[in-house]
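Chain naming follows the written order as A, B, C, D and E, and within any one chain the residues start at number 1.
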Amino acid sequence: MSVLDDLLLFTALASVAIIVLRRFAFISKFSVVVYVLATVLLIKMSALGYGGEAVYSSFTVNVLGQVLQWRFDALSWFFALITLVVALFTALFMSGAWGDKYRKEHSKEAYGLLQVALILNVLSMLVLLASGDLLSLFIGWELVSWASFMMMALNPDKVARKAAIKYIVYAMAGAMAILMAIAMTYNMTGSLDYVQVMQGMAQLNNSQIAVLVSLYAIGFGIKMGVIPFHLWQATAYAETPGAGAVFMGAISARMGLYALILVIVQIIGLTRVAAIEIPYTFLDMQNALAWVGALTTIIPTYIALKQNDARYLLAWHGVGQGGYMLLGVMIADSIGTAGGIMHVFNYATYQAALFMTVTAVIYRTGTSNFSKLGGLVTQMPLTFMVMVVSIIGLAGIPPMNGFVSKWLIYRALLLDGQPLLFVAAVIGTLGTILSVYKLVHNTFLGQLRLEHQDVREAPLSMLIPMLGLAIIIFATGVMPGVVLDWVAAAQIAIGIAPVEHNLGGIELVQGGLNMIWVTGVMFYGFAVGAIIFYFLGGKSKHIHQYDNYAGGHFLTSKVRYHYSNHFYAGLMHLIGGWYRNIFIKLEYALVSLVSFMSQLSENFYRSSQPAMLVAAIVMLALWYIMSADGSAPVLVQGLQGGMSK
Amino acid sequence: MRPENYQVVSLPNSDEYELFIGPNHPGIEGNYAFKLKLDGDRVISGKADAGYLHRGFEKLMEGRLWIQNLAIVPRICVPDPVPMEVVYSLTVEDIEKTEVPLRAQWIRVMQLELSRIASHLFTFGGHAATTGMYTPSYWGVADRDLALDLFEELTGGRVYHIYNIPGGVRRDIPNGFLDRLSDYLDYLQTRQNDYDNLLFTNQVFVKRARDIGVLNQEQALEWGVTGPNLRATGLAFDVRRDDPYLIYEQLDFDIPVQSAGDCLSRILVRRDELFQSVRILRQIIKHLPSVKGPVRSPIPNPLAWNVAKGESYCRVESSKGELAYYTVSDGGDKPYRVHVRGASSMHAVQVLENMSVGQRIEDVAQIMFSLDACPPEVDR
Amino acid sequence: MSKIGNIPVNAQNGKKRTNPLAGVFDELVQFCQSRSMFMLHYCTGCGAIELPPAMTSRFDMERLGIQPMVTPRQADILLITGYVSVKTLKRVILTYEQMQSPKYVIGICSCTVNGGMYWQSYATAKVLNEYLPVDVYIAGCMPRPEAVIEGLRRLMGNIENGKGIAWKDYFQRYDHYLGNQQHLFGNDWQTPTDIIGEARHYGLETEQTCGEHSRILEQHQQPLEPYKMRIKL
Amino acid sequence: MTSVTELLAELLLMPFIAFVVGLAMVLMYRKIAARLQRRIGPPLLQPIYDIVKLYGKETQISHGLIHDIGLVMAVGGYVAAEIFLPVPGMDGIADKGGIITLSYVLMVPSLGLALGVGQCANPNGSIGISRALTAMLAYDIPFIIVVFGVATHYQSTSLVGMIEYQQIHQWGIFEMPLLAVAGLFALQGMMGKQPFEIYVAPAEIATGPMVEMSGKYMGGLFVMQTFQLYTAGVLYTSLFLGGGANWFEFLVKIFIVVAIPMSVALVFPRYRTEDMVRIMWKWPVMVALIGIAFVL
Amino acid sequence: MKCDEINAWLDALLSEINEIEVTRKSERRVRVDVPASSLPALLELLKGKASYVHLSAISCVDWPGDEEFELVYHCWSYEAKSLLSAHTRIPRNSAEEFAHYVSVYDIYKPAAFFERDIYEMFGVYFESSPYMEKFILTEWNGPPPMRKDFDAEAYVNDTFNWADYHPQWLQDIEEEGGGIAIRPEDIRL
């Protein structure tokens, strides 16, 4: 038995145990123990993170002459580490006061189901990450989809249910695309095993690769929520019950990125992807994917800017940050890929922390609506601190970890000579800064509402995971080398030159980055600032918020003296007109098309002579395919090519 | 006022918030307040809050002699005090049926126009400063100061002159005054180009001011808008020409009109008016030496002067708009009642409240300054 | 010891400096305070019309380091330019209390001295230094820009010589000022600024800070306590 | 490799020089304004009087800890940023960060100030910050394109490397005139002068972020302003004017660079927010993109 | 339309209303005395039919001897270029209970400002006027100050203290050689 067997078996058994024991009060402590043990098991494989050999499971299944197998390589290990750490923090977060309140507000059963959904999600993600061939990948994929669906469907709210249904429809469509792609891959290369497929890919022509890449990209991209498949994600994640949102928001969608890296970068290879020219454009397929990534950073980020609810704002950011990862990976050099992969880790830490802070605010005040919050900093200072640390990370400002991964991506774009992508990435970052300030201002700063005067700090059970994550965000920001080690190992695993790094960042002849120095100097600066502030000036007195400049008027509690709605009104006068909901319209069009088609087919079967009509249509189709010459659409060519093998 | 209670009332759940422009705010003209309710940067409603400058002038005047009141009337509108003196004198003369000597009338018109120039120069600077350009206000105030020097020479006071009295003006103009006035006008005309380049044709300023705070002619008439603000909507109405007083009928001047009714047209109307005033003053410089005679008709002992019983409503065109006094005398040594219809009493309150709805916070101050409201006229 | 009105003001109160260098430092700060005065942009009355000329190109107050500031927090000088109506006086007091010490009040125009020509007006307050400690009065109706600048120079001289300490009087004899304010505005008068708390915080409290009038204040309402940043799980 | 003592000296000296030069720049701005407005202007030591006065205030208000920390971050962020900016004879740690790091470190003061102002519970301040961040969005896009072009041209993100290159070859302004023009636009926005001054806008929002700043808080902002002017000048000089071989040349260059936006500022009103963003995204971005096309 | 035509027409119009007394003071000034009951109808006609679209002012005069308030509506016609002052008298109540009259806000929008002013200063309540609340005198608790029976001087002497005319600072100035040249008590009229 390998360690991987232990891990998977342990998680599976733990899932069964949690399902059985879900109604007991000790379930929350129990689940924490489970994740701790699972993490320990994972750490036993930590050699993977430093360039160790892949760990194979001893358990295999034979299907259709294919051996289904499971294995962990450096990339899987990296993702699994993030998954388990986030799950651990989530379990810790929901084990205490939050869980009690959730039990009270809903039911013991509901809380138990949340725990079940969490462990099932973890299990299915581990299975997915451990997949050793395309079929097991697909199995893992389906498991993840349904586990996520379960998590989302736990919220009985109408909006949440609708979002969950929407998600599963999207996920099924994506699964179909993946299944089709896997079938075609099998057809073309005769195997499902990664190594064999990789070899088989070399013999395929460009159009076949193009079809495969498109299908895989669509299938995995739907899970990641890349443009134009981004519509399901934000609502679904935002409406997931508090702690669930922490987990889902932080890591769930990244499974799509994992599969994408695995299939497109590792198996197909970006050089092949880059060789495919897209007709009528200047782009090749790799560039096109990079642009998809860039647009995914911009559009959801600016949608986030318009949100008036903290959870939605964060969830939209989750979509947007996925774009950076895709962009980084698609730059295809060692720095860019490192940035993309590292961003997964960084993102998971601060997104989890942010969702936790927002959940803590909801726990204390009962709302995450910006119009009903404000001024909570005096009441919840530690939560505020965690949020500030995390938003600095999210905005990619030194010295937090988000800066490092974004720096790597920028640097790669610079070296690659991609001005437009660079600008797109910067636009995304600036949009992020704007919206995170809106988040922190409207929740914690400004005027404290009267009904929140007695709000207390979040309970300890919620604070500990939040503070733990904040420490991780800062520590990996100062010493990005820790994470870069793992990233480099993952890069080797997917066949890309590892990034050359040291503890403080990377060394480059044309200007590197050393976060230890940067942080040191920044803290030196803050120290100077503090000396100037505290020793050169006199003492100051804290005053009440009504003792405030109001043009000479007296402020009273009747006056709402807090700017929160339409926070970037000036900007919105310019770009407000650009929010045309074009994707939502597209989605509607698609929905109505599908319902029209189904109506049509329904009528068709009710018509008088269905058999004759079927025959006629088949004849027509056959005639069309026979008469098709070289100018037939790419898809048909690809199919033909696949069939001729 | 104690802020009634700091603890009790819960905040409404709406997104609207309040912002206070004034009284201690650079976006307000004088000691006045404008309370805004906003959603984002859009004004939901505006509420004027006056009374900070209330001194009870009308009550004060009932307690003082007819002649004493001359000392306090100019204080009702600080930037443009001369029309106040003139219109008060006009009402008293109207009640008493006093003839004003022709020369005094010419001198009065000279003062009125010079005061108009000073007031407009002041307004340009204020308007430009609300859009962030401070240089015109420095220039404008400095150029206005030269006009104040002329006033000082003429009357002895820089700001408050108390030069007009019922029956004429206090004394004749000093020697060489007209030459210095002429020099000043020359100087102003050399500055015209500078002001045009800096302010009136400055593309950024035009962009800021055009189509902001539009007041069309129907609205303007409905809300009782007068003066340059009315002329900016396209109606060529001027009390000086349509209800002439003093010797305006003998003067040749145009009434500048703009049609758009926005902030830009209002400031352009004032700019044109300023140079029309220069034109009027040039005519006065030409004609005044030929008008001989006394500058005041004799009035009885001012400390025991019982003005005849009667009432009078007189109007003049001040730089802000139509300024009127309604004076009632019961035949005593003090006015029985004086009602001041401040030129900006409409502009600063109802018109502003109506115009600000739907505007953006960026433009509120500009609209206020473009209306050239003078708060003490509202408060009195 | 210096005198404001007939009331002695103890200049030493509130200073607990023993370091000999502190003396030099204090003089430097006093010099800079006299050379850099930010005046509040608040036109309380008609005298404000002579401030633009004094500030702008012709008389150019910036030569003396005086420049206008927008909010009371930023400003050092409160220019009361003329009569203060009761409505304005409340705002003036609010604004004065929101300014940060050392702060100076200059009463411009005769109306601030004794009501001026509005002596019989029911709406204006007559003697400004009953309600606020006034550093310098500039009489005249209205004083010319030269006079305003001369008054400001006088204030500069006072500050440089350490005589510009009227603001301490407000803390030290708050009860007196509060009493006059209550006489005019009624007993339920209260501003959001907690003057007594500030006097204690900065060590400026004397036995005259609290008294019968401040007890009336407390009867009506407790002063506004700031929200403490607290970690209460 | 700088020795430890040298580095320590630089850590102290670079912010100090920045402060002193910045003070002179503030004075220059006020003098230029005075001359344009036909007056004399403040005495020579006025900026230092102001700052000493503000720090010498005996009472000052704070709206809470974040208000204080915001100011510490605002000043401290700039102090740190100065050490990333190479000046003649002193490189600080410019080789450890480069221009991308610098431009992100420069966001720290804005963020700190934003947090501090946020706690003041004053909508004027919040509106100001929302406008300031929008302004940042507006001018950073042309600025970042310029940075991209410059970095591509010099094949380096290190400011030290760029300056060396320019001193050996030719000034960047001659090699990349279009980028230099776009950079000047961005500089105007970065310095927050008219016509891109909407976030202060005294007549609308009572100086926005500064609304509740008193005493040493305001003093901190004055200090920050000196750093801001200095940083803008030095950054532009390093990118386009070849830094400085010696201090005299360097100072002349940065003062000239800073004087241009200052003079422009005094004859324009401020744009509204959306006009500002529009104009920033239109002309400088277009010019910069054409400039990049030449560079690539 | 010519001014003369309007004037002629106006005369015809005015002759239709009962109990009205028209005085032509000059070419451009018309005084009309009208009973309180007919005033709104008169203004309606003036605005609707005779082009008097501009309400210049509403003045109120207190006649305590007659126990009456006199309200004067000054209307201006841009076309006829004449100003018509409509005088009317309404009964005067004590300061505690307001005198009542109807608002002409629905005819002339500017009336709102003047009516509010009269409401504050004289205590005349205008029915259906939109802003019958304190505006200028929000901090004033006394009787309507413009009434003749409110003695401002007595109120001032009761409420305010007067400054000492020879205070310490003046003595300081005198020590420096300055001071007041003519003392207030030395001034004779």
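In this section, a contact is a pair of C-beta atoms (placed from the backbone, for glycine too) under 8 Å apart; a residue touches a chain by one contact, two chains touch by 3 or more.
Just so it is clear, the structure is predicted and the values come from calculations on it, not from any experiment.
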{"item": "Each chain counted as touching subunit B and subunit C at once", "value": "A, D, E"}
{"item": "Neighbouring chains shared between subunit A and subunit E, ordered by label", "value": "B, C"}
{"item": "Graph distance between subunit D and subunit E, where chains that touch are linked", "value": "2"}
{"item": "From subunit C, the most remote chain by mean C-alpha position", "value": "A"}
{"item": "Core chain by centroid distance, with centroids computed from Cα atoms only", "value": "D"}
{"item": "Centroid-based (C-alpha) most distant chain relative to subunit B", "value": "A"}
{"item": "Centre-to-centre distance between subunit E and subunit B (centres being mean Cα positions), rounded to whole Å", "value": "20"}
{"item": "Approximate Å spacing (C-alpha centroids) for the pair subunit C, subunit D", "value": "36"}
{"item": "For subunit B, residues contacting two or more additional chains", "value": "1, 3, 5-6, 17, 19, 23-26, 41, 51, 54, 56, 59-60, 63, 138-139, 142, 362, 379"}
{"item": "Junction residues of subunit C, two or more chains touched", "value": "41-42, 56-58, 70-73, 87, 90-91, 95, 120-123, 185, 191-192, 198, 202, 224, 226-227, 229"}
{"item": "Sites on subunit E at which at least two other chains make contact", "value": "137-139, 145, 150, 152-153"}
{"item": "Contacting chain pairs - touch in the sense defined above", "value": "A-B, A-C, A-D, B-C, B-D, B-E, C-D, C-E"}
{"item": "Interface residues, subunit A side, partner subunit D - complex", "value": "375, 377-378, 381, 384, 388, 392, 395-398, 403, 407, 410-411, 414, 417, 419, 422-423, 426-427, 430-431, 433-434, 437-438, 440-441, 444-448, 510-514, 517-518, 521-522, 524-530, 532-533, 536-543, 545, 547-551, 561-564, 567-571, 573-575"}
{"item": "Subunit C contact footprint on subunit A (complex, rising order)", "value": "375, 377-379, 381-382, 448, 453, 456-460, 463, 539, 541-549, 552-555"}
{"item": "Residues of subunit C defined as touching subunit B within the complex", "value": "40-46, 48-50, 52-53, 55-58, 68, 70-72, 83, 85, 87-88, 90-91, 95, 117-118, 120-124, 141-142, 144, 185-186, 188-192, 220-221, 224"}
{"item": "In the complex, subunit C residues that touch subunit E", "value": "3-6, 86-87, 90, 113-115, 119-123, 125-127, 129-130, 137, 184-185"}
{"item": "Interfacial residue positions of subunit C with respect to subunit A in the complex", "value": "42, 71-73, 90-91, 94-95, 98, 191-194, 197-198, 201-202, 224-233"}
